[in-house]
Amino acid sequence: MAEINPQDTEIVDFAIREHRSLWLDAWRRLIANKIAMLGLFVVALFILTASLSHFFWKYDPKSDLDYSSKLFAPNLVVTEDAPAVHIFGTDKLGRDIFRRVVHGGWNSLRVGLVSVSISLAIGGLMGLLAGFFESIDMNFWERVTLMGLLGLGLGSLSAWIAAQFFQIFLFSGLGIFSVVFQRWKAGKKVRILAFAVMGMLLGGVSGLLVGPLVGLVCGFLGLGVGMILARPLGGKLFSDVTMRIMDVILSFPSYLLAIAIVAFLGPGLEKGMIAIGVVGIPVYARLARSAVLSVSQKEYVLAAQAVGESHGRILFKHIVPNILSPIIVQSTMGLANAILSAAALGFLGLGAIPPEPEWGAMLGDSYKYLSSGAWWAVLFPGLAIMLSVLGFNLLGDGLRDALDPKMRI
Amino acid sequence: MNKKSIYTIVGLIVILTMVLTACAPKTPAVTQVPGATDAPAAELPTTFIFGRGADSVQLDPAIVTDGESFRVTGQVLEPLYEYELGSTVPVPALAEECVPNADATVWNCKLREGVKFHDGTDFNADAVVFNFERWRFTTDPYHFASQVFEYYEAMFGGFDDASMITEVKKVDDYNVQFTLSDPLAPFLANLAMDMFAISSPAAIEAAGEAYGTPTGGVVGTGPFKFVSWEEGNQIIVDANADYWGGAPTIKQIVFRVIPDDSARFLALKAGDIHGLEQAVVEDLASAEADPNLTIITRPALNTSYLAFNYNILEFQDIRVREAVAHAIDKEGLISNFFGKYGEVAKNLLPPLVWGHNDAVVDWTFDPALSKQLLSDAGFPDGLSEVTIAEDILNADGAVVYKAGDKIPLRLYYMPVTRFYFPAAKEVGEAMAANLTAAGFNVELYLEGDWPTYLGSRRNGLLVGLYLLGWGGDNGDPDNFTGYFFSGGAEPIKREGWYQNAELADLLRQALVNPDRAAREAIYQQTEQLMHDDVMRIWLGHNNTPLIFSSKVTGYGAQPVGADYFEFIEFVP
Amino acid sequence: MGRYILRRLISVIPTLIGVTLIIFLFQRLIPGDPAVAMLGEHATQENVERIREQFGLNRPAFLDREALADGDLTGFFDSQYIRYANRLLHFDLGNSIHRRIPVVETLSERFPATLELATLSLLISLLIGLPVGIASAARRNSALDGVTMVGSLIGVSMPIFWLGIMEIMLFSVFLNWLPSGGRLSTGIVITPITHLLLLDSLLTGNIPGFVDALKHIAMPAIALATIPTAIIARMTRSSMLDVLQEDYIRTATAKGLAERVVLFRHALKNAFLPVITIIGIQAGTLLAGAVLTETIFSWPGIGKWVYDSILGRDYPIVQGVTLLIAIIFLLVNLIVDISYAILDPRISYD
């Protein structure tokens, strides 16, 4: 089957039938898919109940306490023992679990959405740029930015040691200088030597102002930085460094990394969002990079390049629209994962601050009453987690089929 | 796929297996019971298995502070004195008696004769002197730099020249003389603490820094001998047939770690363990109903409380504090989260400790009165925001809260369950609801995990109301009130910046007064003083429940110090 | 091939350095002091200082620029990180702050527990996931296929800690069939050879020991295996479907070969590549997922241990375990890549 891309579908479609966009096509395929519709229904149900209850069914967890009805099993009719209906039962503080599950949805879905946005914004952008510059040469200004930043990064160690932060700007300047004099016709060895000496002077002389040893160490560092900056570094370097950082993040066990981040930031729903978001970055970076790599060799990108379109235009006009479908699919499934991770953090007591309802935290609290047989306090929050996650997974699965029938994990 | 690549795969698998087995140690890291290695379960002697929430930190009692370590060391090692079964009264153990001179600065201890350490060496005056010198002198070769002799320092004023014990002299083989720099009223109670149990000098010399670790083991004179320690899982001790007090009836104790409260209870019900400490309130109810289980309670020597941070302007007004006191439904909290084993507290000192003042009349639970008091104090619409009175710095000296900062009214709850707080999080949630109902719009606040919480409390950074508690070490009132407030001439950072010179003065008088009756009167006076100042809200004393299989009898639960396992009778 | 493996092994080094740097960064950033964590409510200032001094926690984390400014070059390098790196080079993970015993000692007891659990889970997921995936690809759109697809999505969506709790609820609380936690009942002794209890008990012919160990590991292994099983089944299915559309399969079927032969001889071999990647990724996930599973089932492995150590600020343990997991993760990735090269002659690495 030939590759579908906006340009040729438009032409073909005009010739044969009325205009139908790719997205509309995808939508038709999606609603034809029963499983995906089930997913959509579940997701919509959770989103609707969570947001409607958040705005229209007021709940104040702070003052919710009733010792007289603690740990009641689910009851659907009013009896003498249970004067109120609790379809999911009550917890240790006599709070209605149904109410807390419904309101907890608001928190859990929010965590999912925000953390996926964080991972997607950072990871997606990094992967996009990494893939783009790996396959397409940088232009002058991009090179200036890259080398400037590289100088900034490498110089910061020396600047920190000497406690003189103007140094990083000197090194940054050295990086830019290296791009500007790219076409300097001296031999490779001479160029490296020259930059090494310049680096050594930048680091060493300003270090000397603090102390002789500081000057020495900074001089050495500067020497190394200069030698690195002397090389004609380009997009490949950017891509390599980015992906290596992603490897490092990936090689941490994800829960441990999230726990460590929460331990650093402090507990709370917002901190949990950041932690889960950060842990998810490499997934999107890798995905975006490989998608860009496969798209960037396509004829229309090469053509746009040949015509001399700007890099920004190529990136956002030609590449981004064509890698959207895997990203959308991944984000939907990522939402499911984020909800799971948030629940895990909550379960460990690192999520929402009580008495705020949150599914994972509700599970973690009720887990203690397991041996006394209070199954309802554990069952319903867990079911809520599972069903909402399942909903997003079903939807994601259907989206994958709809957006790109050829693509499978 | 060709044959060659199959061989390669097989080869890879073999290599992988080899790598993995190489990861596992070749020699058994666990010291197994000699001879028991392959013995079928039926031939094992009467083994009593005790389930507990955490592993021991270390088995050298002099350098640890956690109850789980003492639970084990208490069976293996003995101090000169010990606490009478079920009380806090010190009675002779390795010493036959200790007699003070007139002003209680010189104590002569006659040691029990014919006692041997488990390694066969004799217990005598040399051993006592060796142990005390090891604890006292930072220059002693066995006072390792990595080890913190926390309790020696706390109980005897410090090390080297700062130590209140200025000399420990061998008079003859079975007589030792202690010389103190000042009269120390609770000297015998101190000696009876688990931390001051006597170890075999030969064992310490042999094991060096590893003494008390799983590999080094621990050697004392107690009714049980250390056998093995599988870290994070179990510690095994065997009965000491030659024990001077008579051999225990059970042959072996296994201290098994099951971290989760409900899992531990399930294990007890299933018969995997025979006894446990600490269970969820709901499980206690089902244990009461179960004829196969019995509950023993440990008399409470602990207090849980709600503290104010006095660096908050609003809390400096006694009416606001009183409003908090009337807002909290102590009865409800205790009966729901401590179960029937908790007692409502109105003193810092639990009833078990002399100095407890029963005449104190507790605050009533009266939210309407709280609102009234708040209104009188100038907050007719309730209190949602508080003001920092003076700058608060962190450990690095950076300002965290500036004077005049407005922050939301916080209620800090503990991130862990402690014996004095069986359900800290739920108590926090319920208390927040109580306070909200009385006009305090509190925000529950989780400062971080336990180390963070303790660290912030040390630096006075828990800016609001906070929950905490205390478990006594030796049953002396100074170990409670004195520990907290004797430095109260200045604001005490650690105690929420509380300042009360009068209280501090009384506490100092009580510490040096050798007359017990006079001390008791002073401590009772301090209780009334603290109550009248609404200094803190004392919440409860928890009589920690222990659950046993009904086949177990004779377990000696102790308010202080390690429990007695030696009287246990157990028919499997 | 040899050169490729060497190159990959070398490229692991900067990643590992990055891992150690990040661990140290966190140690610096996370509030709370190991000494305070250790001494609890009783901690006095002097003792806190002493422990900090003893474990070098009062040294700067990476480099001491103040010492350098004073002209002290050795002081400059005398940081916690350099000390740690130096110890690592001597294969020394240091001592636990709380227990003062070597981390390696405890690790050698606890790692086999996690390894046993993770390996068994992986085996379960392969034994179920692979056949189910193959069968549903062979009978596409059949009832079996539908059940597999929905079942695997449910599996992927399962919060394993919840599944674990429900297992305990059912099998321990209500039915009382299986123990709710631990690795072995007290009284059962298995002579340690590899420290993998199932293997050891089989090797020594200790049948009661084997049964007891199996009873203990069953619930955690099933909980931990749920997600990998689902993923492997899905992956096998879609990978098989791809291959079944290839021309050579059609040719083979047209030639009249038995379906079994086509499926297993021709299709499976080629469908296996993407599956291997997924298995590699799952191996990492299993080790990470152990944190939750071990917490729920009181399993004395490294997951629970490292979590407790973060909460107790016992940094040498956190450093040791995290590094070990990272190394395993990277090694598994390497092995996956190598097996690619072996299985698929089209991929060359030189």
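Some points to look at:
Chains here go by letter, A, B and C, matching the order in which they are written, and residues are numbered from 1 within each.
The rule we apply is simple: contacts are C-beta pairs under 8 Å (C-beta built on N, C-alpha and C of every residue); 3 or more make two chains touch, one makes a residue touch a chain.
Since we're looking at a predicted model, the values are computed, not measured.
Of all chains shown, C has the CA centroid lying nearest to the centroid of every protein CA atom. Chain pair with the larger contact count among A-B and B-C is B-C, by C-beta pairs in contact. Distance from the centre of chain A peaks at B, each centre being the average of the chain's Cα atoms. Look at where the CA atoms of chain A average out and do the same for chain C: the two points lie 23 Å apart. Note on chain placement: the centre of chain A and the centre of chain B lie 44 Å apart, centres being C-alpha means. Here the spacing of chain B and chain C, counted between their Cα centres, is 35 Å. The set of chain C residues that touch two or more partner chains comprises 31-32, 168, 173, 295-296, 311. In chain B, the residues that touch at least two other chains are 263, 266, 448-449, 452. Residues of chain A in contact with at least two other chains: 263, 367, 370-371. Within the complex, the chain B residues that touch chain C are 1, 5, 8-9, 12, 16, 20-21, 23-25, 28-30, 32, 36-41, 44, 47, 49, 57-58, 65-66, 145-148, 150, 153-154, 209-210, 213-215, 230-234, 254, 256-260, 263, 266-267, 270, 272-273, 395, 448-452, 454-455, 458, 468, 470. In the complex of the two chains, the chain C residues touching chain A come out as 14-15, 18-19, 22, 26, 29-32, 63, 65, 68-73, 76, 149-150, 153-154, 156-159, 161-162, 165-166, 168-169, 173-174, 234-235, 238, 241-242, 284-285, 287-289, 291-292, 295-296, 306-307, 310-311, 322, 325-326, 329-330.
Every residue of chain A that touches chain C in the complex is listed here, in rising order: 35, 160-163, 210-214, 217, 244-245, 247-248, 250-256, 259-260, 263-264, 336, 340, 343-344, 347-348, 360, 363, 367, 370-371, 373, 375, 378-379, 382, 385-387, 389-390, 393-394, 397, 408-409. Only residues 31-34, 36-44, 46-47, 50-51, 54, 98-101, 105-106, 108-112, 115, 168, 172-173, 176, 179-183, 185-189, 191-192, 194-196, 204, 206, 208, 269, 295-298, 300, 304-305, 311-313, 335, 338-339, 342-343 of chain C touch chain B when the two sit together in their complex. Of all residues in chain A, those touching chain B in their complex are 62-65, 67, 70-71, 92-93, 263, 266-268, 349, 353-355, 365, 367-372, 374.
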